[in-house]
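Input: structures, listed below.
One chain, chain A, appears in both complexes that follow, with chain B as partner in the first and chain C in the second.
== the complex of A and B ==
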């Protein structure tokens, strides 16, 4: 109890997530033969490398009491646009290419941000519409063609799988490492930079933020632009990992990113949460998805339902637990005050 | 005074479309003074604050700081000039801790220096004479603590004009005293404190000068020694207000409606015993944290008693939900209009019929809109709710009129027992008198009322008998003649033991 009281709620949540991850891994390693091995880690880390970036952007938006449903379409568009640029200019500098994908994503994010922050349209409406619009823009732009691996330079397709560190069959690959680095960087910015505090302030109490002289519109706009930026980077990673890009690239990522954030303890009503949490949320969701595929007990028809139920369970437990904990803390600090 | 005012309004007017919210307002604030501003709701106080804090710009006239004209675009510009405001409902960030809340508007430096911020936060909290753990999350703080955080935030930005808008309306008497001490201390440090309050006794205790405004116009500015409450009220309303501070004769009958014996809820309150007769008003006094509201909630079926008995209309009362309480003829008017009382986005008519929708059903089970409108309109006339029609969303009404809608909602159920929690919190003197008259009329017609209030003049003006609580215990039940502000406060603060 002493420890529980000392730790900040945020740190406690991270520990809880890690505990849940451990339980899930333990459970499936008892259920599935040869479950725990390097391949599992590699598979999940490659996939999380992409989702973690999107969930990070999504978290920034959710912190401000908004939601970004267009990220899947932005990932698709950015992957395709980046792929076609490098196909046509094979000698392009890798950093310029990365910058291009980021710029494409940021551009789309700014459109969302302007509509939500300045035109004051609710974000769920704006991004529901822009999800469809950006997807259609991709269909139009692609002209019914696909990007294929053969047209891409090998440095690009090799990059995500390049081992940075290997321990036996377990490899930490460049894609995952880069993504993790971005998450940590964003986390440090969120906790250490003064302007980042405005993000929490706006989501926590918009009226008070206004009174405190915070430009809430600019903050919301920035959150969407950054979410777009992250989706743009995720598009780059998506292209590098899969090579073959069609118009359905990134479909469904918006919901998965929301699920990752929420499972990771980001409050859907804004104001609290961390990108480390969202990252762990993405790992958990992916782990469950991957493991369920290999678990014979659940037929493939039920897989989605089980995944949904597990996510619901995770979030419900989290809400109930943190409410209890808050009560306990309030009681403690009351006693301490006496 | 030959000093230059820290802040001055010179002939400021503000129009919203065709409506004039402020007309030719003139006001000077000097360093080191507590300047009270009084006026009815809708007199233009909020508009004036919004102009001083840069949220609105004057339509004409000049705002001066240190003698030179300025234009403040937005609250940030005002804060940079040293003008800050705190409100009845504190503007804190519930998810952030005390330190982060205090320094949320700070702009210098890209990186946060957490240890230095915590130290500075502690110093600021100590400077206003409070003790508060700077790592606590704001959502767990009391209203008074949240206000302290806001004051510390203003101090962190070298505040020179601090506007306090109804700061004590939601505080207990002790917390309010503490807040006034802080206001005085800030003034002694050279800050111009603007103090807006409906509690006149507080104005006389604290302020150096007082300005009355009415209908968007400046009526008077006087030293407090040069005026008195009756004059001030007359200036505020432009008419004489009758019986606000005067107790009306009791209409109590001999028929006991409710009798409570040894009522307890474990860990909340214990051993509460009293009765209420038809035609009687029992007022419940005490500080915040005295658990008066919880007693009310227990009588309304929303809190389960662990011991004791309730006799109601001569029968043992067994209720476990608000629905059963309503069916038994018990109404509970909440202190928190926004959270528990009214659906702000819905029309007046819907709010009034909400608790008694069964009365408005046609034989087919559909809502009889005609009857609903007629009833709502009847209350609008009877309770003097100021609104062009009953289709307006309750959220658009002033506080006093919202309170009347809430009373209408419960009176419409024709209850026998009316429990009213803080009936006049944050509403103006005129509306207060009207609400008091309504409750008196209700008991005179055979009902009984339990009035929970933190406003001592109100307790004395309303209560035929006064029950004083302290930290979950019943300290005394006083007859009106035996009660005074001093005796009640002595009991409520525990300076005097239960009789």
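== the complex of A and C ==
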């Protein structure tokens, strides 16, 4: 009980997630022979490298009490546009290419942000519509062609698999390392920088934020622009990892990123949560998907059903626990006042 | 003239324009066959839009309807393959819909979780259960009467699904606009706390609405199975977004408390005819969806521009 009081709810959430991750890994390593090896880590880290970026952007938006359902379409567009740019100009500087994908994503994000913040259209409507709009922009832009691995330079396709650090068969690959770096950077900004704290202020109480002199419109606009930026970068990673890009690239990523954030303890009503949590949420979701495919006891088709139950379980326990915690603290501060 | 200024009036004008445009473009458009066909091809979505109108007026959302449709259709295929008689299988599927909808409602109303999250989880979960049952196969060869119900006219050229839609619309219209249940739906949607203080059992009301949504989705899943004559794991994937778009375009407020079934009906007609017209002009499906998306944003921005004017002029009048 003492521990419950000393740790912040945010830290408790991260600890709980780590505990759940450990239990899941322990469970499957007892069930599946040769489960715990470097290949498992490599597989999950490659796929989390993309989802972690998207979930980070999604978290920034959810913190402000909004939602971004268009990220999947932005990832698809960014991957395709970046791919076609590099196949037409094979000698392009890698940093310029990265900048290009970031700019494409940010541009789309700013459209969302302007409509939500300045035209005051609810985010679920804006991004529901822009999900369809950006996807149809991609269809127009692609002109019924697709990007293939052969047209891409080798530095790009090698990048995500390049080991930065190897311990036996366990490799920390460049793609994962870069993505982790971004997550940590965003986390530091969110916890240390004053302008970033405005995201929490706007999300937990817009009126109070307004009275405190925070320009809520600009904050919401920035959150969507950043979410677009993250989706643009994720598009770059998507291109580098898969090489073959069609018009359906990134389909369904929007719901998976919301799921990762929510499982990671980001409050869907805004105002609380962390990108580290969202990152761990993405890891947990991916770990379960990968493990259930290999678990012989149930058919691999159970993975979605289990995932749905997991999200519900995560949100239920999170809500009930934080309610109880809030009650406990209120009681304690009342006693202290006496 | 004042009638024209309402959202429904605006939709009606849009519909007439689209209708006229299509009719001039292709003479066959106005044929009764084309119009029935138009409804028939999207009958499941438009049935779901009717119930979604209740849910959104109640200030909630149900993302799981597409997956519930898939679950019901796949459960029917699975049971049929196991040798269950079709009527019994239909009954079981409807019960699955009731149970799934109740579950959503319970988590939303009794635990107080946001419906966006609960139904996102069941969107994934219901789809998962559908896949567990049919895996990556397709199941077909349903009884002849079942297929005929979905594919042939019941009364003249009018198929069963269209009659069901008309009856459901009449029933839901009376329920929403002419009954206490409907008034409660609006009151809870515009302010839940006030509804609670007024002694309305808001939790129970929400559970009933989600149960309605689940069972309508299960029914729509069966209609789909009958119309297509086969089911797969990905039946109706992504339908929820189309349905929500239709409802919002019909003037139902995403914040709850406002909207009518007539608006939803007009919106259904607009979306169907617009897509049909674009298809006649050889515009692809993805672009069609993009146009509908643009329309959706416009549907929120335009009325706001109109509302802004009196707000500016009011202080001048009092001063």
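We take it that the second predicted complex is superposed on the first by the 329 of 338 C-alpha atoms of A that agree within 3 Å, B and C clash if a C-alpha of one lies under 4 Å from a C-alpha of the other, contacts with A are read in each partner's own complex, and residues count from 1 in each chain.
In this text, contacts are C-beta pairs under 8 Å (C-beta built on N, C-alpha and C of every residue); 3 or more make two chains touch, one makes a residue touch a chain.
Being a predicted model, the structure only gives us computed values, none of them experimental.
With both structures placed on the common chain, the touch criterion links A:268 to chain C but leaves chain B unconnected. The wider contact with chain A, measured as residues touched, comes from C rather than the other of chain B and chain C.
Once the two complexes are overlaid on the shared chain, A:213 sits against chain B while remaining clear of chain C.
Of the two partner chains placed around the shared chain by superposition, chain B is the only one that A:205 touches, whereas chain C remains out of contact. After overlaying the two complexes on the shared chain, residue contacts for A:14 are found with neither chain B nor chain C. With both structures placed on the common chain, the touch criterion links A:193 to chain B but leaves chain C unconnected. In the superposition on chain A, A:283 makes contact with neither chain B nor chain C.
Taken in their complex, chain A has these residues touching chain C: 67, 115, 119-122, 124-126, 128-133, 135-137, 139-140, 247, 255, 258-259, 262, 268-269, 299, 301-309, 311-312, 315-316, 319-320.
Contact residues on chain B toward chain A in their complex (touch as defined above): 53, 74-76, 78-80, 85, 91-96, 100, 104-107, 109-112, 133, 136-137, 139-140, 153. For chain A in complex with chain B, the residues that touch the partner chain are 9, 191-195, 197-198, 200-201, 203-205, 207-215, 267, 271-272, 326, 329-330, 333. Within the complex formed with chain A, the chain C residues making contact are 61, 107, 111-114, 116-118, 120-129, 131-132, 135-136, 233, 241, 244-245, 248, 254-255, 284, 286-287, 289-294, 296-297, 300-301, 304.
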